[in-house]
Amino acid sequence: MKILAFGEVMMRLTPPDYKKIEQTNTLDMSFNGTGVNILSGLSRFGYETTLLTALPENHVGSAAAGHIRRLGIDDSNIKFSGHHMGIYFLELGYGNRPSQVTYLERLKSSFGESTFSDDEVKSSINDADIVHICGISLSLGDGARETAIKTAKIAHEQGKMVCFDFNFRPSLNENRAYEWMRTQYERVLPYCTILFGGKRDLMGLFDDQEKSLEQLIQKLMNNYNQIKYFSGSNRAINEGTEYLSGFLYTDNTLYESPEYLITLYDRIGTGDAFAAGVITGIIEKWSAEKTVDFATSNSVLAHTTFGDSPVMDKEIVEQFMNGELGNVIR
Amino acid sequence: MKILAFGEVMMRLTPPDYKKIEQTNTLDMSFNGTGVNILSGLSRFGYETTLLTALPENHVGSAAAGHIRRLGIDDSNIKFSGHHMGIYFLELGYGNRPSQVTYLERLKSSFGESTFSDDEVKSSINDADIVHICGISLSLGDGARETAIKTAKIAHEQGKMVCFDFNFRPSLNENRAYEWMRTQYERVLPYCTILFGGKRDLMGLFDDQEKSLEQLIQKLMNNYNQIKYFSGSNRAINEGTEYLSGFLYTDNTLYESPEYLITLYDRIGTGDAFAAGVITGIIEKWSAEKTVDFATSNSVLAHTTFGDSPVMDKEIVEQFMNGELGNVIR
Amino acid sequence: MKILAFGEVMMRLTPPDYKKIEQTNTLDMSFNGTGVNILSGLSRFGYETTLLTALPENHVGSAAAGHIRRLGIDDSNIKFSGHHMGIYFLELGYGNRPSQVTYLERLKSSFGESTFSDDEVKSSINDADIVHICGISLSLGDGARETAIKTAKIAHEQGKMVCFDFNFRPSLNENRAYEWMRTQYERVLPYCTILFGGKRDLMGLFDDQEKSLEQLIQKLMNNYNQIKYFSGSNRAINEGTEYLSGFLYTDNTLYESPEYLITLYDRIGTGDAFAAGVITGIIEKWSAEKTVDFATSNSVLAHTTFGDSPVMDKEIVEQFMNGELGNVIR
Amino acid sequence: MKILAFGEVMMRLTPPDYKKIEQTNTLDMSFNGTGVNILSGLSRFGYETTLLTALPENHVGSAAAGHIRRLGIDDSNIKFSGHHMGIYFLELGYGNRPSQVTYLERLKSSFGESTFSDDEVKSSINDADIVHICGISLSLGDGARETAIKTAKIAHEQGKMVCFDFNFRPSLNENRAYEWMRTQYERVLPYCTILFGGKRDLMGLFDDQEKSLEQLIQKLMNNYNQIKYFSGSNRAINEGTEYLSGFLYTDNTLYESPEYLITLYDRIGTGDAFAAGVITGIIEKWSAEKTVDFATSNSVLAHTTFGDSPVMDKEIVEQFMNGELGNVIR
Amino acid sequence: MKILAFGEVMMRLTPPDYKKIEQTNTLDMSFNGTGVNILSGLSRFGYETTLLTALPENHVGSAAAGHIRRLGIDDSNIKFSGHHMGIYFLELGYGNRPSQVTYLERLKSSFGESTFSDDEVKSSINDADIVHICGISLSLGDGARETAIKTAKIAHEQGKMVCFDFNFRPSLNENRAYEWMRTQYERVLPYCTILFGGKRDLMGLFDDQEKSLEQLIQKLMNNYNQIKYFSGSNRAINEGTEYLSGFLYTDNTLYESPEYLITLYDRIGTGDAFAAGVITGIIEKWSAEKTVDFATSNSVLAHTTFGDSPVMDKEIVEQFMNGELGNVIR
Amino acid sequence: MKILAFGEVMMRLTPPDYKKIEQTNTLDMSFNGTGVNILSGLSRFGYETTLLTALPENHVGSAAAGHIRRLGIDDSNIKFSGHHMGIYFLELGYGNRPSQVTYLERLKSSFGESTFSDDEVKSSINDADIVHICGISLSLGDGARETAIKTAKIAHEQGKMVCFDFNFRPSLNENRAYEWMRTQYERVLPYCTILFGGKRDLMGLFDDQEKSLEQLIQKLMNNYNQIKYFSGSNRAINEGTEYLSGFLYTDNTLYESPEYLITLYDRIGTGDAFAAGVITGIIEKWSAEKTVDFATSNSVLAHTTFGDSPVMDKEIVEQFMNGELGNVIR
């Protein structure tokens, strides 16, 4: 089983010791992105993974590729061109203080300006079974957007399962009407099998403030009947304590996971951990109940690990889900 | 709007990873003190700040000055003389284990032994609107104490608003009767507009165990009728959870903030964050309610940041106060 | 008062920032083991301590000895031979994610393969008052096991107080029937005065699933009537919160400490902190109530410090036990 | 005496331990640029300094401003706008292996896209005595280039001394004929008093391969007779050992410093250290001989310090120049 | 072009700042070995590489595999079994003080105890063009030795080019007569095309103290006429300065590189960098002169980089070889 | 063989990466002093060592004691009193740039203000064979000075060998005539057997600018005929390269070591390494030639290690002295 993801790779720079940028002169460097994160999770669960992306043709690009390989992701579909990549600073929050993300120039990156020919896309998809498209690509410049849509289309035509997450980022679309974004979504949706998103995404899509989540999903699936799964997660806060639960809509039914108490160390990438869990359940043909519980558990544990990319072993996630995790694993 | 603070700068040395000193051979170095901390907070809130102090005339002193400038504080009123500065080690606590402060020699520091002429003080105060005097100065040797009192007097005479915090440190006064300390306070109080302290400070001042906080403040203001504000914060612990609230007495009324749940990373300097918040409210002519809520919120957030010196942006504090802070700020 | 411990020293390698091994290329190195840990705790409580063990005859062995001396433990009974020592990686957990221990080769270590002559053992015991034997030694190769039993026997014959902890590690005994382990325990028990263990250890020993803890201890003491103390601790989890309590059985009575809420930073070695507390109470001839409360308090605080080896001062433990600890110790 | 510099601020990210980017996940962060570097040097020599530049309006921008203040440079002329800044990675070389610089997107930075009104420039120049313009600005986008030329012009008109360095970067001008660059230089030269450059710059300017350095400078000064100083440094390598010497042409005479043996730790910014030294000599009205020797000495010492920005004290430079530096300064 | 290497992976732990182990509690972790190193070099030169080895079936093993992938080496032929891996500490030397290597248990590692079936070996070799066998494998336990010889044999039979380095380690053979080692070499030599070694290796092999290097190589090639290349490097020290030169014997001729002055940061793995250079020349069908010069240049540069595994780009090596490297590469 | 040293312990704080204090917020912490350093060296050469000193009675003092034990020095003669210790910052130099030492308050330290009773001194000396007195003690306050002289006297009376080094520090005696210092030396000299110093010390002592080193030593020994050894080292610089040689005067003869080329990483403490070497030769009854060569070699190697306290093994020093050290020790 092999999964290909198309998506941007960004450099994340994190001050140590919960410091703000102005308090440090040392930074932790890692390389992330929705595609990288989902593949990192899937790689740890035992599947082959490969990333379709563009990286700078310099030492920063090779360092990024090395980091991606280290996560267990094949780099043979990475194109090296241009000289820039998106960078973001993460000031890790603590308790009452939220984490803070500061983006530097993202649009002029190798990825944002990359173009891929049909042949390049086809050859990269060839031996993949599942193809994931990160929705942020639609906001990142013409090159990235068109490749995203092209990849979805080709994958669908070749009978691959296509996943898509909405991941709408207002900050990347400040000069555009939402209408424009909706048009892009509508170009991709006809090719998708698995969708990751939430009620807000669907309300935006349909300009529809009233329906329930279930009704919105059903409406979507009526419009695009090749869509088989719609999945996402919800947070609830109760007297200072945070809880997470996931849902998976399939076969006309909404399945919901138990609510898990969150212990928070690093929140970034936890949605991607959830997505990796759902894809795993679908690959393994688990029941929807088990799938959404596993995905939520993986996301809950991702809140406790450093970095955006999920790094938990499958057995640990299953033990957590089954309440079997002790204090120390020896 | 420009605030001048008179106070000691100390070097803080912190072991990493919540270690004790004996467990490490690496230390984090920063430079702090009530004056530095309050000005750091005010600088982030958009005001001009300047520090009146003395630092060693060597590479340690220049490093300290550089650190202070980095915090956004003007260093043109710093005098370089002597060769020593106060140093303290902070072993950061964790949960059940409190933080532990170990002071090295503090009295023989450049600050403790510094003297400032009337002209030096006057010229430094000249373009300031508010002058803050740290009460610890009264316990740190004749030079520091006399400059503190002189600065308050001159500022008052020039019509500046004078702030003073009690900050009584028994460990610095082991060989003195409290009576002596009271006398020093009485030398400063006639010049003050804003006071930071608590019930214990006032009871000590009046040798009066019975009155309520409100009555004690009223008594104080009766004695020194130029005092306009008396402010401070209180902690409450309930079943292992800690809460913070602030109060501000002005216009014969005691205003109290809501109680906020504390999430604790680094407690040192949180009282200074509160004071910076109160001064901000007074500068901005906010209502007493908003002022004390903002100050308390700033203090609550200061519990979550590394280091003594407050580093939160004004918007974040306001969003916290209004319950608008999400999990991640992008 | 001087305590000798016989036990293995291992190198612990810990990734920083709660990272997993695969996420780092920097490690914190320390040297630990039940013997080291108990002696580290006792050393901080003011007693002379010495370790009987074997370390590699190379720079790693000398670094380990230096680390042990730094903890306040005499190293004059350490033998340098062989070239290997047990190593384990500790991936520190966070909230929902447990800590994870990965052992590398442990049996072929200098300690595992060491032998000590009767004279060597006798001379090391000579000026000790209490001798502690770590039960893991029984699983670590013939050399270590026979020295452990020999040391217990000689110490008992010389009228020293002998402590023993069960510390059964299934992973070290994968190829052995438990029956074999029981035989080894029975070789040591006739020489012991103080035992550390739990219900599971006693049930294993007697192959007896039904009796209460009290009954099991009484049965043990009936069989080995020189045993004076049996002590251990229990964890309870209630709605995501963890509590610790200790027990001490002596003079036909089971004494139990209050239940303390746990705040968890580093769990490893907390049982050894408990043992160090019990031994302290016995040395100081405290009441059983105070002894078990002090031991539990020491263990609770050990959950908040980095590293396996307890490093708390006696006064801090007593203040914690008496509810006198504030937020910051100055 | 106050010096204003106009120039770009870049973030420098340096792997530790002479590692390549691909070998690390930790980086040292600092903020540099010709303007920053020259002012850092001048600040240490006792002069007031201020930087005219643009930084991102986010936490990265404030961290940069803090870093600049720490260096002793006034930040009141910094404009905060845009969201990006130039970043470069420096892989420090060692012996046979040269250092390697990798630039990420530099043109779309806050600085590259900044514009300054005449009034903004005038008010920043107002209380400056000397104005330095970094030649790289001419290659960094229309905004930066036009501000550079405007600043030179206004400063010259106000009777300030204007410094300019050629600092030609082919990599920033890949799509332009050199002819274009020459035109830009010719727009600036009529306003300059002090020039930093070398034979190559002048040959490029005059398209003249044959003349000696002296003749070329004389030709330049004939064309632009307000130019008073032309200065630069030369490297020589002899059997693996590197030497540095400086020259200063003024009053129709070429003054050369002694050749100094280089010990190399961090080469970046050493030319800016030289420039800071020359400006110091001109301010202090030293002889040309002393000026160029001091500047060269400062540059030689800058090869031995971490970071681009000079941090040597004036006395140390003078002692070095006079051969009075011992092994340890106490 | 694809190269497979068979060899051990070891963990290297390096104290920072040129410290000895006893001076630190922080270590740099990397994963190395002759096979890893040669493949790392070849990967940077643009070839596909894959490693045949065994790693522990735990988090340490996965971290090692991640590190190897990061270096650009395919990990699909790595077997996970056992729980131990060889570890060595490297105390980096400085000038007069040599580096010091301390090995912990190496024989009981996953690699030392691994066995590979004929089918496993065959399938791993299948799409390789060149196969490298590390001579240390012959000293590391029956499993590793027999797999090494089997791999050489199968590769030779399949018409692959087989490389072998002698790399004799007396410390791993303390209990064996050299005679035994010679027998093992004689089992491998009939399958080899390229040999890496020196005069000492050949004298040991033939028990022949007198012949020149050239005569010894010729004698070897007479005995094993399928050997096409014999290559190695020599060090010379002249008045405290060290020089390196390489040689390559092929077609009955001894080719020698120029002597290069060494600047030393980290010596370990520099022989492997040489070997990677020679293999590159053979792949590229360069002249023997160019091949040995390139290999020596790569080794010279490897003395200047942190870590055992070569990380230089091909262009940099060629520029060095051609004397074209400046001070800073931009 | 047991050596006792009387001397101050200081905390050394070192910025990383050859940075200046103003460039860092991280520091390396260690504990040093002439006594500590000499004992550290002797401990590595296999002798028992113990330190007579005073440390602060707080966590900083215990950390210092732990550091000293780690070096292999017995701490049972350390007195805990007061709350301060001397601190110095070391900015490590690089090539042309010298190291720079900045002292903070040193006189008010626990050591400077300590007093020891005759009984305390006697009991600490009791089982020592050699007693070393650091000359800096004479400049550090009455307490330290009188204890130094008392210790020398008592040791001499008990027939111990007494070592003394001049170590004159002008910066500690700014307000005193040198005459005063000479008087102090004259109080100690009658008890000494081994002296460490140089020509300058002797010229100061005798106010005698003309005599040769040999004549000066002979004059000293004529005055104090119990002095058996006078030893020290000299530096020479030749075209940028530095050389070290040692001398030992005994039995009316001046023995000189070869000149060794210095490779410099950390100069501080290298004189103490020399002294430890001389004492070793005297203990081992080596010839004067071997003694001075060994001492010089130890000092040469101490230039290559981090920290003030010598950490070389005896075998390595001997191999260096015999020219047998290769590039890597395995």
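For clarity, chains are labelled A, B, C, D, E and F in written order, and residue numbers in each chain start from 1.
Rule of thumb we're sticking to: contacts are C-beta pairs under 8 Å (C-beta built on N, C-alpha and C of every residue); 3 or more make two chains touch, one makes a residue touch a chain.
The model shown is predicted, which means the values in this text are computed figures rather than measured ones.
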Statement: Listing by label each chain that touches subunit A and subunit B gives C, D, E, F
Statement: The chains touching both subunit D and subunit F are A, B, C, E
Message: Taking each chain's centre as the mean of its CA atoms, which one is most distant from subunit F?
response: A
- prompt: What is the chain whose Cα centre is as far as it gets from that of subunit B?
  reply: E
Statement: Two candidates, A-D and B-D; the one with more touching C-beta pairs is A-D
Field: Equivalent of A-B within the choices C-D, C-E or D-F, defined by over half of its residue contact pairs recurring
entry: D-F
Field: Distance from the mean Cα position of subunit E to that of subunit B, given in whole angstrom
entry: 62
Task: Starting from the mean Cα coordinates of subunit C and subunit F, work out the distance between those two points in Å.
output: 41
- prompt: Residues of subunit E that touch two or more other chains: which are they?
  reply: 20, 22-26, 28, 66-67, 70, 100, 103
- request: Would you identify the shape of the chain contact graph, picking one of line, ring, star, complete or other?
  value: complete
- prompt: Which bits of subunit F are touching subunit D when the two form their complex?
  reply: 17-20, 22-23, 93-101, 103, 169, 171, 235, 240, 242, 267-268
Statement: Residue positions on subunit B within touch of subunit A in the complex are 16, 28, 70, 260-265, 300-301, 303-307, 311-312, 316, 320, 325-330
Message: Help me check something: in the complex, which residues belonging to subunit B touch subunit E?
response: 23-26
Message: Which stretch or stretches of subunit C touch subunit F in the complex?
response: 66-67, 69-72
Message: Looking at the complex, which residues from subunit C come into contact with subunit E?
response: 13, 20-22, 24-30, 56, 58-60, 62-63, 66-67, 83-85, 87, 89, 91, 100, 102-105, 108-109
